[in-house]
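Next up: some structures, all given as structure tokens.
Same chain, two partners: chain A is paired with chain B first, then with chain C.
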Partner chain A sequence: LNFVFFIYFAVNTSGFLEGLVRGFKNGLSKEDYRHLTQCDTLEDLKLHLQGTGYGHFLANEPSPLTVSVIDEKLREKLVIEFEYIRNHAYKDLATFLDFIKYSYMIDNIILLITGTLHQRQLSELLPKCHPLGIFDQMETVTIASTTADLYNAILVDSPLAPFFKECISEEDLNEMNIEIIRNTLYKAYLEAFYDWCQQKGGATADVMCEILAFEADRRSIIITINSFGTELTKEDRAKLYPRRGKLYPDGLLELSKADEYEAVKRVSELYAEYKPLFDGTGNNPGDKTLEDKFFEHEVTLNVNSFMQQFQYGVFYSYVKLKEQECRNIIWIAECIAQRHRAKIDSYIPIM
Partner chain B sequence: MSSHDRIDIFPSRMNLTIMKTRLKGAQKGHSLLKKKADALKIKFHSILKKIIEAKQLMGEIMKEAAFSLAEAKFSGGDFSHVVLQNVGKAQMKVRSKTENVAGVKLPVFEHYEDGTDSYELTGLSRGGEQLTRLKKNYSKAVKLLVELASLQTSFVTLDESIKITNRRVNAIEHVIIPKIERTISYIITELDEGEREEFFRLKKIQQKKEIIRAAQEKVRKQWEKEQEAKRVLKFIPANHVPSILDDKDDEDLLF
Partner chain C sequence: MGSLFRSEEMCLAQLYLQSEAAFACVSELGELGLAQFRDLNPDVNAFQRKFVNEVRRCDDMERKLRFLEKEVKKDNLAIDDTGENPPAPLPREMIDMENKFDKLETEMKSVNSNQEALKKNFLELTELKHILRKTQQFFEQAALYQQDQETHVPQQYDDETPLIASEFSRSFNRFGFVAGVLMRDKISAFERVIWRACRGNVFLRYTEIEAELEDPHTGDKVNKYVFIVFFQGDQLKSRIKKICTGFRATLYPCPETPQERREIALGVMTRIEDLQTVLNQTADHRRMVLSQVALNIRVWLIKVRKIKAIYHTLNLFNKCLIAECWCPVVDIDRIQLALRRGTELSGSSVPSIMQQMQTKENPPTYNQTDKFTSGFQAIIDAFGVSNYREVNPAPFTIITFPFLFAVMFGDMGHGLLMFLFALYLVLKENRYMKHKPEDEIFKMMFDGRYLILLMGLFSIYTGFLYNECFSRSINIFGTSWNVRAMNFTDNDVFLATNPVVTLDPNKPGVFRGYPYFYGIDPIWQSAENKITVQNSYKMKNAVLMGFAQMIFGLSLAFCNRRHFKDKLTLYCELLPQLLFLCALIGYLCMCILYKWSVWTVAQSNTAPSLLIGLIDMYMLTDPKSNNRVPLYTGQYQVQIFLVIVTVLCVPWMFLSKPYILYKRSKQKKGVQHNRLWYTCLDSQSDDDVAILHHENNDANYGKQEPESLLIIMLISQFDMSEVIIYQAIHTIEFCLSCISHTASYLRLWALSLAHSELSEVLWSMVMHTGLATSGTSGAILSFFVFWFFSSLTVSILLVMEGLSAFLHAIRLHWVEFQSKFYKGEGYIFSPFSFTLI
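Right, the complex of A and B next:
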């Protein structure tokens, strides 16, 4: 049966793209990272990157090199590779890749909403949007001048309409804090993505549902911790928890009642996978923070997804791992540029 | 002595007293201004020390803040655009007050928070902890900046006023007081000269009087002598044989 599936998969050209993605994924090794941390200037960094898979992507930049330029170019490379894959995909894979793009679209829409509410021009906002999250109807969103127009424009034109319809009404756009809107949208997106993967079945469901479940739980935990001491009420907070993780439903109920970090820790430690993440974290220098541990766990899950073949999870993991690699490079670049080498090794290693 | 080195004034005794009073006033003013200049200088040095400390601290805090920005971007992604778009009123504002130091009004800035943190929920789903640290670091940096600005403006104002005060002190010491002193010495010289002239005049008149008196005395003596001689002549007896040796007028012999 596996053989049949293999033929089916490969014949649908997803096989070609999967192979491509595995090729793209070969990023920086441990050696490369060590070389990078030993660089003294950004020019050295550029030289070292030329020797890796990144090649001469910084070749045409005028000196002096700044960290923001490196950031831009790294992102550009990822976008080009992703768009190539997307343009060659169709049917299910295309839908899957679109799902990946939705998370960036959510960020862009939030930016556009904020900008429009404060009467900024479209020309100012467009360059600030994340390139992976650009969709064709973005301009109509900014032409809207009142929130009613804005709401209708989004409902009619953008692919995010279903997420809006579920949970946000027109008054909410005006009154709700923009961050709450963002998190509500993301919750709807995550739940929709999870359901689609589960319905797809097979290895895709195995891999993706585990990754997305962790993402959901991670968001719930982080939102809870970050909401202590702010004006976010417990009921509002509970509305932001995505209901697809291992913590659903009991853990989420406990989390929504939590008042402090210790309570959150107690609830999460009831689940075997999350207990080790809370150990050894702290706020002292030299300790890893909880977010760092979450990043590491996410990286492990994504790397594991490459162990399985013929499933769409590899594309998702490729995007996420590439992003993490970009973040690592930028982190090392910032430490070098600011001459603050104490924490230069605090990047997340990708095996 | 050319006249612009002293004040043009008529050299009389009353003017002398007036000038002496002026001199006393100038000296008192000089010592008061010197005290003011010293007080300002002390404050100046203390502000200078504070500025140096603040600038060093600033370097460290800015470094810390920039690094915490990098940390927040690492965990939380690029939140800068949303924050920028959401900017409404200022949360931290600056008030200016004046402080009085030895009569000089120095401007002082102090910061105050206006309104609540409108970015409480930024980074809710990732990077929240780093973001709070970032906010704290940068607000420390802004507070230090306000203090530094305040110190520097007072420094500049104080510098101006010290220069002015020193200029005045020097002017009094090297121009006004010597001028008054020269005026006083001129009046005194003039007065002395006048006295000497008087004295000389008196002496001359006395001399002249003496001569006149001596001449008059001589005339009187002469007259007295004549009188004496006339009286003597009355007492000459009849049998006085006139001799040819008497010198009197002989009557003329007429034939």
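Right, the complex of A and C next:
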């Protein structure tokens, strides 16, 4: 019966796309990274990237190169690949890919609102938005002054509307508020995504729930740590935790009581997966930060998702891994451009 | 010209190039295309090589040229293709080229930005024009309603539209309004947002602009809408303006009174006209610049690519510009000439030196081909590139391949069609060479056109032998059989009751005594037992041909052994193999020929079966003891002898070679210690010479040395079990393959049978029905049936059957023929040549 299902998957849903994604995924090897870190100028970097899967994506750029150009081109490449997949997907896979896009939409909205609050021009903000998260009504968010306004006037038509219901209030938008909106949105988004995957079942659920649960826990922990020394009350904070991770429900309860870093660490160490992440982190030079550790763990999870066939997790992981790879390249490029070689090796390797 | 029989003799040569002359020399070599350079710095990153800056400059030039090319294509100008092949320019010209391209690029860019600005201006004006025109309509409609309201009953407020219209027209002055232009795909979202954000307190009208507008930035055609929003109050105004910017709508000032609008419209019209003339001028200028570019861009691109290729090659050289390359021995003079030319061109006084080197590495395989042989060589190379100096099967394939194909595809008519098709390709060769065919399948056929030509030709020949033309036979020379001699009378009872008669060749006069002049007698066409007779004939033929090809393969192996001076394998492996094959299959072939030539029609009833004979031979039974007629006298004794030879060959093949190897190693063992040191020293001194050649360049050569020593030591360690296993596998494989390969050649018969039967069926089921009907209806039917018949002939018999026969012919060559002698573990010679880029 499994066999029949596989054939069904391959023929009817996304065999072609999965193959494509596995091809796209092939990224830089360890050797490539080593060569990249040896580069003296960005031109060298370009020359070396030509020999990898990135090919001639910088070939039409006049020198001198800047990091922002590289960044833009890398992103453009990812977006083109993703849109290609999205255009060929239908049914469940299309929904799944849209879910991936929503997180970028959330980021874009928050970016725009924050920007308007700081009196930035729209034309200045737009290039900073992630092209994967662009939707029709996005650019009009600047007119809203309260969350209710935002929802009623603009977002009600957008795909983000269902996530927004929880954070409607008549309060004016201010910085604190925006952070809360962002986290509430993310919470709703993660929960919806998680539930969707769960309901989809099969290998997709196995893989995606693992990744999303980690994502949820990471958010809870980071929110807690960042909330120290702000006006956020513990009750409000508890409301922001996505309730789908491994920490739910006991861990989150404990987290909501925490008021220092050590407490968070104590809670997390009760969980086998997160204990190693807290070990050996610190702010001393040479130590890895907790965020880097989280990134590394995320990369491992995503790489593992490629071990399973006939499931949607590969699409998610592909986007995340490519993003990480782009971040790595940008990091190396920045280090080269700013002649700051000491930290060039602290990119997050993708095994 | 080298021969096709073996690949070219290659040598490793070292080139000492003067730094001034290096570029010109490599350029000359690139034009020549006879030297394969080796990478002497495999450990160095791409960006740490010597000429990386030059490569980068070339990249930049290429980028500029690509930009110009894109612009040329955007204007639909034809790029001039004269087929001219300019030589690579000298490095000092590179700066000129760079400047030239740079100037062109900046000029082009400024023209573009000018044009863009103008177009933007133009777009704004056109949009304004449309706004004025469309809003005019809105206002006029409103005015019309107002008049309507005044002329008709004034209290008619129950209908919604007139309400708004009248309201709005009456309170014209109290309302503010904003007019603008928006992309078509955003209009519905815009409407909704504006409705929600203003809580319904606005009135929006929009209409489409019929003419497509041009986006000044991308040059795409876009559709846009004109909209006008009426509202009340300043707060709403700012809010609406924000939404408009959010949707990237362009707003235009629109005066409130009709007079003002008309004035502005007039102004806009004149400005548009002015702008149009300026735009035309810019476009002309741009076209002028681009047509200049279009004339030269191909030559420029070739030049830049050549420079880039040269620097790329120079990057393979070591730091002192010493290069190592493989080149054919016969062409060394030409290479040296090219080097001299290069040195002269660069004006350097010191000549470049070329020196042959001794090497232990395997040279690449280089088979020179022309347009005729390349197709056949490709079939061989698809299996595996031959080892260096190994016998190349390609020249034999030129004949055997089409022949074996034709044996399976024998039909004059089909062969003729195939031949004509290939002839067309060959005659139109020059045209297709120039414009490379896009279609992949057609390209494949085009590349193999000479192959197809020969296949068609041979098919005609075998079809003639089989006496088949679209499955019909032709009686050219007069059949050897005579039905009249059977003495049937007109009212014979036998003839009336029996639809089939037997012609007895033993009756005088029925068979002429000598066979049909050439090929198969056409009388078999109407015989009941045609298939049985042809089967027996074709089967035997297949075995004969298979044996011939296998023996030929073994004799090629003999050539190989002689060439590589491998006497041990020659006597301990090849010779028993040859004997084995001859005793087993060769004897069978001899029997077939003997039976054909000695046994006559008169004895055909008593002729012994060859199959039974073969079984008896290996059962060691005397045919006489079973009351069977012997094929010839003394058959039993000969057969016993052959069986003994066959059996003896097996241990000979299996044991002799390992035994001799073992003996040799034992001899060595006594003096092993000395020997080992000796070999080490030997190799070291050899490598020392190499290092001297390399001067101080290569650390990796030094690195390789301990490894190579280790390998030598390992080789001198003799491993008996491995040799025995290897030999056992080979012996078993050969013995089994003798039988299985012979059986495999029976596919010649099977496919030929299938082909003739299929064409027979096609004739009798399709064409025959048309021809059998008489009268006008028969003529019409024949007409239609013919199309059906011909399309089926082409699609099934020519294409499908042809393909399957082709594949089987390939298999017979790759497996049955080449396994006898061909290693195919070489690597192909890929010289640095400009024609490939």
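The rule is simple: the second predicted complex is superposed on the first by the 307 of 351 C-alpha atoms of A that agree within 3 Å, B and C clash if a C-alpha of one lies under 4 Å from a C-alpha of the other, contacts with A are read in each partner's own complex, and residues count from 1 in each chain.
Keep in mind that, in the parts below, a contact is a pair of C-beta atoms (placed from the backbone, for glycine too) under 8 Å apart; a residue touches a chain by one contact, two chains touch by 3 or more.
All of these numbers come straight from a predicted model, not from anything done at the bench.
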| item | value |
| --- | --- |
| Chain B versus chain C as contact partner of A:Pro62, first or second or both or neither | second |
| Partner chain(s) touched by A:Arg219 [first = chain B, second = chain C, both, neither] | first |
| Touched partner set for A:Asp44, first chain B, second chain C, both or neither | second |
| First (chain B), second (chain C), both or neither touched by A:Asn152 | second |
| First, second, both or neither for A:Ile70, with chain B first and chain C second | neither |
| Partner chain(s) touched by A:Cys197 [first = chain B, second = chain C, both, neither] | neither |
| Which of chain B and chain C A:Asp136 touches, first, second, both or neither | second |
| Contacts of A:Arg120 with chain B and chain C, given as first, second, both or neither | first |
| Common ground on chain A, meaning residues reached by chain C in one complex and by chain B in the other | none |
| Partner chain B, residues of chain A touching it in the complex | 107, 110-111, 114-115, 118, 120, 125, 128, 130, 177-180, 182-183, 186, 219, 222-223, 225-227, 230-232, 240, 289-292, 295, 327, 330-331, 334-335, 338, 340, 343 |
| Chain A partner contacts - residues on chain B that touch it in the complex | 63, 66-67, 70-71, 73-75, 77-78, 81-82, 85-88, 120-130 |
| List of chain C residues in touch with chain A within their complex | 45-48, 52, 55-56, 59-60, 62-63, 66-67, 186, 189, 192-193, 196-197, 239, 242-243, 245-248 |
| Chain C-facing residues of chain A, complex | 35, 38-40, 43-44, 47-48, 50-51, 59-63, 122, 136-137, 139-143, 149, 152-154, 156-157 |
